[in-house]
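Same chain, two partners: subunit A is paired with subunit B first, then with subunit C.
Coming up: the complex of A and B.
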């Protein structure tokens, strides 16, 4: 039973991070390699708001979430917008540079030491006993719940809301979408904002569960194969990709060798690239275009 | 905001005009001030800067100021190599200091040897070459010591445990940590312990529960971890979330004092070579006052390693006299005794053949739930370094 819980928690982490990669790629065809750094920035923003709004954890969390959304949108407006019309590779390299810059800034502002936003917020993280003798921490349970809610909300947003339909249109054919009067820059800024928001939620919940260090950047990168396995332009794919990668990783840790956990996501990715290069739910056309 | 100053100084130093004439002792430092492992090194460098600033304010050494040139290498070997080349050719450093990951050691050692400049490892793990018979150019002040630490920890576990020990081991997937846990695995039977599981955990692990699950299911009643703090503490916390009630012993990194207070876990033992600030020795108060005065970014409790490095550098330069050369500094370091005023169990003593220390002292601390304070679980005990 504990094995199953471990798989679900890890899959939820990967899925929540991976949807940020998918949102931006789906709309603008840009791989955001600063996603891990933006995720970590979200956690640091929570740390900052926690010390600002002492004794009001919900306010601190809400403000941190709004700030994360704004950061994502601002990154697009002040940086990635300049890359519009340039080669996709240039945009990807820009995200790498952004990541390096963010890492340096975060060390200067918040130092390199391990931080505990949960302590600053005054929230506790007791373990919850589950049937079958399994246990899960409160924050890990919240993370699973948050993943389900966010994916549900994103599906509804993209399917039923006006802005969601515009976002899909911009992703499918930007030229036609622009000719129909859709403001592409607003759509892209929204995609960056939502991507940073979902990544930040993942970062916040991970840091509330086990603390915040510079290694969070690497966790962001580790979720990347989950998005690729599922198909970079598919949210459903990100969910299944995360589940497959997490199941393979936890099973190999448990039954074979814990050392394999580091390479498993990439092994799964290689297998997928050989069998179905565009991912489980990705569209073949998009890959051909790349 | 001293860490910010160090970061900006590192940037400014990169752009600075090369020094031509030296009127100060130049100590060149390459350190992981940024990057994932920075939490181990950045506090030590801030402490070193504070210590040297105090020395300079008091008139310097032999009437000359000490100039620290601190460059960030982000724990990347290529950056560290470039830093050292600059420190040697442009800054004319008479002493090099490495405070970074062990992966940066090999290229730095090569550069130091070519230039015949002594190299001090401060806050990073001591390389094999500083133990007897020591490499003439390499020295180390860092507290932790491969193999000795495992012996110290297993000795404590053996003395403390009232029942047969089923030992679990937790390492980070980096060479040094794995090698130390392999050594502990080999040594455990000679201490009458059975190793039931060994987990090697990759650094970018979002959830430690899968590894903790295996340690618990293997039946470990003691777990020993020698790894960067993040792996040590997250493994423990994951075990506790699984309702594991065993004892946990781990290395007392810079963060350990604050973490003992945060966790309030009576079955968590930290073994280290540095005394904790809860001892409240005069030297601890001196460091705390200096950190406060300097508006330090890191807590004083994390400054012991950097402070010790400062004391040793000051003593080495004093012995080298003025005007100095790298050879004079090296000669001074090969015959050095520094009283650490209680920061460790004994002094740092370097000889021609031993650039580590002649005795390695350990002390074990734990949280006392009844008194709500950190207490000494086992007082200083030592091993001869041969």
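Coming up: the complex of A and C.
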């Protein structure tokens, strides 16, 4: 029972992070390898707002969320926009450089020590007993809830809202989208903003649950196989990919060796790349464009 | 004399900084006109339309000379979405709809510049009025449409942007003659109903000249003929090389083709 709960929580973490990879890849065919760092930056932003707005945790959280949305959009407008029309590889390399830069800056500003935004905010994180004797921390439960709500909202946005439809249109044929009067820069900035926002929400909840250190980047990186296993251009795929990776990881930790934890997602990825390289829900043609 | 809505002067477009695709192209479209641009494969028709609609950028092509004036504004090398907002909309030759979106979503995606909610709804309703077939296909994925339906959807999506000038690249491409006939009639209805102008690029000369008010003929990236459609239809060269008719009813020899090449006039 506890095993099942652990799988669900880890799957929710991976899914929430993976949707950021999918959003950016889907509209602009760029792999954002700075996603883990941006997600960690989101958590540090919460730490910063928590100490600025002491006694008002909701305000601090709201401000941190808005800031992380802006960070994503600004990364596009000031950095990735220059890459428009360049090779996709150049854009991906740029995101790697951005990640390294962000990591360095975060160590300088916030040091490499473990921090606890939960304490700064004054929120508590009691464990909740579930039927069957399993336990889940409040923040982990919130994380599962947040993942469900955010996926629901993203599906609705992409399917029913005009800007969501435009985002899908731009992902399919950017030239035609521009021709139809759609401002591609606005679309891409929105995708980067939403991606960083969802990643930051994951980062914030993880850091409220278990504190904040540089290892968060690794969690971001481990969610990448989840996105790829699902097919990179599919949100449904990311959900299933997250579930598969999390199930494999938790089971192997439990039955074989806890030290396997950091290896398993990439093992799953390699197996996937051998048997079905375009992912579970990805389209075969997508592969040529990577 | 009316002021032209669009005037292109001595346009030159170069691909990859090396290949000159068109040179010295001058043409104009007056308000309310349907203007046909004819020419064989590779003549430079698509390149000209893409230059006018700002569609060149991502193909590493550039307008290297000449100017393009729309409603009194220079528009060469402007961003395509900005040109669309000015009221100049292209229906491209290939990839003209979003294949993974439904018909309704294809019509929802275009930006209707400066249009409120009601105006937007009116325009989408107008599309279904001009193309009633689309109304029954609202939920269909555009990739599953027939060639003719896809062409209607492309025209419809262009109309949502409320263009003053519609550029259409090869309306007849891959369509059955009956379908082309009906689409052409629909175009005239749209022009008359909405009072817009149309620049129509075609390989199929006879059908384009039938509805056009003026015609241009391109060859090898240059303008070789222009004039009144009736006159063009009577023109010996057009009859022989675009309509495939010969005065004596047989195909011309290579010698005759060379003769024809020498007799054309060159512009630019």
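The rule is simple: the second predicted complex is superposed on the first by the 290 of 290 C-alpha atoms of A that agree within 3 Å, B and C clash if a C-alpha of one lies under 4 Å from a C-alpha of the other, contacts with A are read in each partner's own complex, and residues count from 1 in each chain.
Just so we're on the same page, a residue touches a chain if its C-beta (ideal position, glycine included) is under 8 Å from a C-beta of that chain, and two chains touch if they have at least 3 such contacts.
Quantities reported herein were computed from a predicted structural model and do not represent experimental measurements.
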Touched partner set for A:179, first subunit B, second subunit C, both or neither: second
Which of subunit B and subunit C A:213 touches, first, second, both or neither: first
Broader residue contact with subunit A after superposition on the shared chain, subunit B or subunit C: B
Which of subunit B and subunit C A:162 touches, first, second, both or neither: second
Touched partner set for A:135, first subunit B, second subunit C, both or neither: first
Subunit B versus subunit C as contact partner of A:104, first or second or both or neither: first
Contacts of A:250 with subunit B and subunit C, given as first, second, both or neither: first
Contact residues of subunit A, present in both the subunit B and the subunit C interface: none
In the complex with subunit A, residue positions of subunit B that touch it: 3-4, 7, 33-39, 41-43, 173, 199-211, 213-214, 229-230, 233-234, 237-238, 240-243, 255, 262, 297-298, 302
In the complex, subunit C residues that touch subunit A: 53, 55, 57-58, 79-81, 84-85, 89-90, 92, 95-101, 105-106, 108-113, 157, 161
Partner subunit B, residues of subunit A touching it in the complex: 2-3, 5-6, 9-10, 13-14, 103-104, 107-108, 111-114, 116, 119, 127, 135-137, 140, 206, 209-211, 213-215, 217-219, 221-222, 249-250, 253-254, 258-259, 261-262
Touching residues (chain side subunit A, partner subunit C) in the complex: 85, 162, 165-166, 168-169, 172-184
